[in-house]
Amino acid sequence: MIIVLKADQPQAKVDSFIEKLTGSYDVQVNTWVGAHSTVLGLIGDTTAVDEEYIAAQDVVENVRRVQEPYKKANRKFHPEDTVITLPGGQKIGGGSLALIAGPCSVESEEQICGIAESVKRSGAAFLRGGAFKPRTSPYAFQGMKAEGLELLSKAKAKTGLPIVTEIMSIDHLPLFEDVDVIQVGARNMQNFELLKRLGKLSKPILLKRGLASTIEELLMSAEYIMAEGNEQVILCERGMRTYETMTRNTLDISAVPVLKRLSHLPVIVDPSHASGISWLIEPLAIASAAVGADGLIIEVHNDPSHALCDGAQSITPAQFDSLVKKVNTVFDTVHSL
Amino acid sequence: MIIVLKADQPQAKVDSFIEKLTGSYDVQVNTWVGAHSTVLGLIGDTTAVDEEYIAAQDVVENVRRVQEPYKKANRKFHPEDTVITLPGGQKIGGGSLALIAGPCSVESEEQICGIAESVKRSGAAFLRGGAFKPRTSPYAFQGMKAEGLELLSKAKAKTGLPIVTEIMSIDHLPLFEDVDVIQVGARNMQNFELLKRLGKLSKPILLKRGLASTIEELLMSAEYIMAEGNEQVILCERGMRTYETMTRNTLDISAVPVLKRLSHLPVIVDPSHASGISWLIEPLAIASAAVGADGLIIEVHNDPSHALCDGAQSITPAQFDSLVKKVNTVFDTVHSL
Amino acid sequence: MIIVLKADQPQAKVDSFIEKLTGSYDVQVNTWVGAHSTVLGLIGDTTAVDEEYIAAQDVVENVRRVQEPYKKANRKFHPEDTVITLPGGQKIGGGSLALIAGPCSVESEEQICGIAESVKRSGAAFLRGGAFKPRTSPYAFQGMKAEGLELLSKAKAKTGLPIVTEIMSIDHLPLFEDVDVIQVGARNMQNFELLKRLGKLSKPILLKRGLASTIEELLMSAEYIMAEGNEQVILCERGMRTYETMTRNTLDISAVPVLKRLSHLPVIVDPSHASGISWLIEPLAIASAAVGADGLIIEVHNDPSHALCDGAQSITPAQFDSLVKKVNTVFDTVHSL
Amino acid sequence: MIIVLKADQPQAKVDSFIEKLTGSYDVQVNTWVGAHSTVLGLIGDTTAVDEEYIAAQDVVENVRRVQEPYKKANRKFHPEDTVITLPGGQKIGGGSLALIAGPCSVESEEQICGIAESVKRSGAAFLRGGAFKPRTSPYAFQGMKAEGLELLSKAKAKTGLPIVTEIMSIDHLPLFEDVDVIQVGARNMQNFELLKRLGKLSKPILLKRGLASTIEELLMSAEYIMAEGNEQVILCERGMRTYETMTRNTLDISAVPVLKRLSHLPVIVDPSHASGISWLIEPLAIASAAVGADGLIIEVHNDPSHALCDGAQSITPAQFDSLVKKVNTVFDTVHSL
């Protein structure tokens, strides 16, 4: 951590500040005196040093962190890739491409079972489907809730596909017993109470990047879960908010290789939410497979124009089938380079 | 709502789509046939019409809403300003400038009571103070929690200042009995389960704009609370995320007059979080008072350089005292123009 | 074009406005009268209708364009892909992957000729190299200017590679005689006087997307060039400005398929400027080839750590050689799907 | 400047890098050796040190500047406010509020002279009016060009108001003889060749912040002009591009106090372009006067609904007259606090 002091501070104040630093934290402090400013360098474990606290000190002009503020999610301290393995043997990470597919919302037993069977045939290893739906408008369809989770369980029983579905409140946790991978949506990426509670579970958490969160904030939210003991976190890039209006969000494709370099956690991409447009899903899925993603989560609906939500960004089972063949080919090609 | 159809659709498909619209919603549909496209215009109550559902239809190229998707927060249907009045007579909205002040975090009885007395003397009508703190890092101070709420109650007992403090989880609600105004932080603006639960209370909710939320999304989140019956919502502009790094966030000063035009709800500004820099708070507070804000929420700490959080953006009681005189003068000047 | 009128306008004002519309433009106007608003629909050629002029009218609440405001760049009016073919037979567009490579700046004859030969061996069909350099700081190296252009010509004479280089001012145009493809940099994307002048040339123009320009603005800038007669425009996605700081810019990978759908012009990607980080160039180049780009423009320097600019985002000739093999394999794989 | 080295670099490489630094620049280098990284601190004049060059070195992990990269625009080296004084005595900076008003575009002698007389009566000290207009679409009205400049001269002759108007190309400079303040528009803020040329003039330059430029980039563009000898630069905040669509741009009100702290140059605000909505101009002008701006540039049109451009954001002379009284009252109130 580098701390730049304000110009012309009395030496006594500077000395007392340095004493405070070495007294409060397990760090050493080096000092440079320049023409216009004095700079302090903190060496040691600065993860516990609160940047805001430092920045608030009288003598401080500004402060910059050199080391990453996350530990458990940090590849430096955990060089090997984390591979998530489900009881049924399905994997996320570790050199294969995990395909998670299903409708935005569970709508009926027939719908979810039909789609589950179909995406399984095409090669999906996981079934997604929303039971609790975060919608911008209180007047929009909010999901089938508990009933939706039951229907997901039926689809799982029929197909063997593990369930990936979103949680919106700690209170709903008892309903998630049969859920295999619990998803934290973009709007809840910094719902820290929820993250802490999920950190006490022993099942994988799929953590989506917030609407306008930085890569570092995503890793810090993963750290919240991991710090409680649950190290099975899957990171998901799903597009960020920008000024561009042609797509719903802007897929930050660079986030995939950056996250994989900074962290050992698996990284998947959600091209459906990133684009919001069905015809864009295939090219973005292919690009994601090519750039090094460990998986894809894709909205598939048997009848997109009657979907109760997100129909505009859903593809049909036939389109998914064609997409799977292509992304697998590209993934294999890139991995054999 | 304006729906542009794809070019060259068979008339039968168009007709069947129009029938579906008039059958499903309480709307009339007008049709124009142009050279390159056919356009439908929906007239009636389109609040219930799901844009995404429409956009997903086969025949649809794109869809644009003409009417606002919020009703209860909408000034068109409620032209008079909403004024929030607390049992002690303190008001937010209605022509005065509500001043909410206090530390980022409650740290001790001495601290919170001291600051409360001091800001009261300077003219604050409300005491703010965090008991549950949303922090990016799991390793940072997370607030005094239940104990912090108790200390806030003590400060209230001593000073009569109503308490404004943030809730982070529905589960903590029982602890908020003595809280006068419950704050929803930026990170939870779209924690819809929390909003719905707060909508069932009969106390005012201070709703902060999300880190990168649009003005319309803020109003839709207010609508979530109001749709459940609680119409006492205070909107708060606290800076948005942009590419500029000189300030922590970018204060969207235009949001104040825009929100006041679109909605009847009171609008306050948080210059502390918007800037993240203590010397910027006074000019931004003055600008906010000048632009028409109904109040200010400001971080004041007796000893910013020892604050357990957000010290860099806290001002001292003396600075607050000077600020209050200035913002009141500017507010009065502008209101007498 | 859809025009929403303000509520409660006197009929006479509305009628006079409609007359003005049909009198000024070659359009028909349809009218719907709704409960809260009246909406006009303009049918015909609305390219010439000035949205701002309409929006300023007394009776108008807001106005939205349904048709794209660009014509010559629009795929609707020109369904076939444009393929740029140079005198030497090199192509951009039309099913192959054009590789443009070279140093950020020309630094010496030895440097530029050496790199040219090397990238040619690896498969580049075009040589890039900056002679006039737009630098944020007036104190940074500004390029070798006229001398740099001469050295590019020497490298072209030796290798046969056509030259791609940036122009920063109309005044420099006489020096660009021997340049094969003139590049307009991101900072000049809306230097309309420059675009108009380049529109009178008969050589290809490589137009980079502005630092924070929308996809539509990029197409409108292409339209400026094309409207003057020069239809040989190559569009280039080079990353957009966002709040994310981990990469220099955020590569908008979706822009590639979106641009190719909206326009017939070839689209290339610049992964060097998009990321600003050398190790990210290969994965982003692979993703771009996979998503459908018609070419790549990549900074290659024989000695990045001594490059006079942009060394941090340059790769070595050996890295480029390896990259070319990979992107070609991926491109071929995707095109054979 | 702080340079963090990659972990585990051989000492010889580090030593040779340090030698290179002290050999190339007028700086001293201090070294800290930490557990995970070695950090170098450069002390001395680092303005000439090229960050990108440093970042590209093999041994470097990252580099951060501590000192500002601008000198002539920097308040540290020029503590007194710069005041621009025109031959006629009109001032920008120095404790008064400069009002610049006039139409988006010059349209006729009658129009420009009429508006000039009217805004002068209301208190404007400068006349603005566009002769060369940067328009997104090549099909939109591009301004009256040379004829527009002549009409501005006539209005100046009649009223004595100095002219503020935009230049779009170096080639047009001979036409700008009678122009008093030359404006560089947002789209040309980084048209460095234009900036350098304007730096050789001895008349004031009004430099608008780019569509998505940082505060530091704005200061670096001012530095381009000042480095050539012309120190009469006026900075203008005119709204930045964000994801919010309710306003055309987002006025960064914080930029005013930040710029005034970092630089001695006068800072004005353009509420017309910042908002794009006529009813927002007054509140934003008031907020700007309250926050410390040295002036305002406002679009005034005698008949906004017939304006040839930007009518939606123009106010009438009567509205301007009312606005002037209000902003002057607020400015005086704030300055007397």
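Per-chain residue numbering starts at 1, and chain names A, B, C and D are given in the order in which the chains are listed.
Heads up, the rule we're going with is that contacts are C-beta pairs under 8 Å (C-beta built on N, C-alpha and C of every residue); 3 or more make two chains touch, one makes a residue touch a chain.
For clarity, every value in this text was computed on a predicted model and none was experimentally measured.
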Subject >> Maximum centroid distance from chain D, chain identifier (CA atoms) >> reply: A
Original post:
Which chain pair shares more contacting C-beta pairs: B-C, or C-D?
Top reply: C-D
**OP:** Quick one: report the Å distance separating chain A from chain C, using the average Cα coordinate of each chain.
**Re:** 32
Original post:
When the C-alpha atoms of chain C and chain D are each averaged to a single point, how far apart are the two points in Å?
Top reply: 26
**OP:** Please report how many Å separate the Cα centroid of chain B from that of chain C, as a whole number.
**Re:** 39
**OP:** Identify all positions of chain B at which a residue touches two or more other chains, and write them in rising order.
**Re:** 212, 241-243, 245
Subject >> Residue ranges of chain C touching chain D (in the complex, touch as defined) >> reply: 47-48, 50, 52-53, 55-58, 69-70, 134-142, 168-172, 187-188, 190-194, 196, 210-213, 217, 220, 223-224, 227, 241, 304-305, 307-312, 314
Subject >> For the chain C and chain A complex, residues of the former touching the latter >> reply: 212, 214-216, 240, 242-247, 250-258, 261, 274-275, 279-280, 283-284, 286-292, 325-326, 329-330, 333-334, 337
Subject >> Sites on chain D touched by chain A in the complex >> reply: 2, 4, 30, 32-37, 39, 41, 43-44, 64, 66-67, 76, 212, 241-243, 245
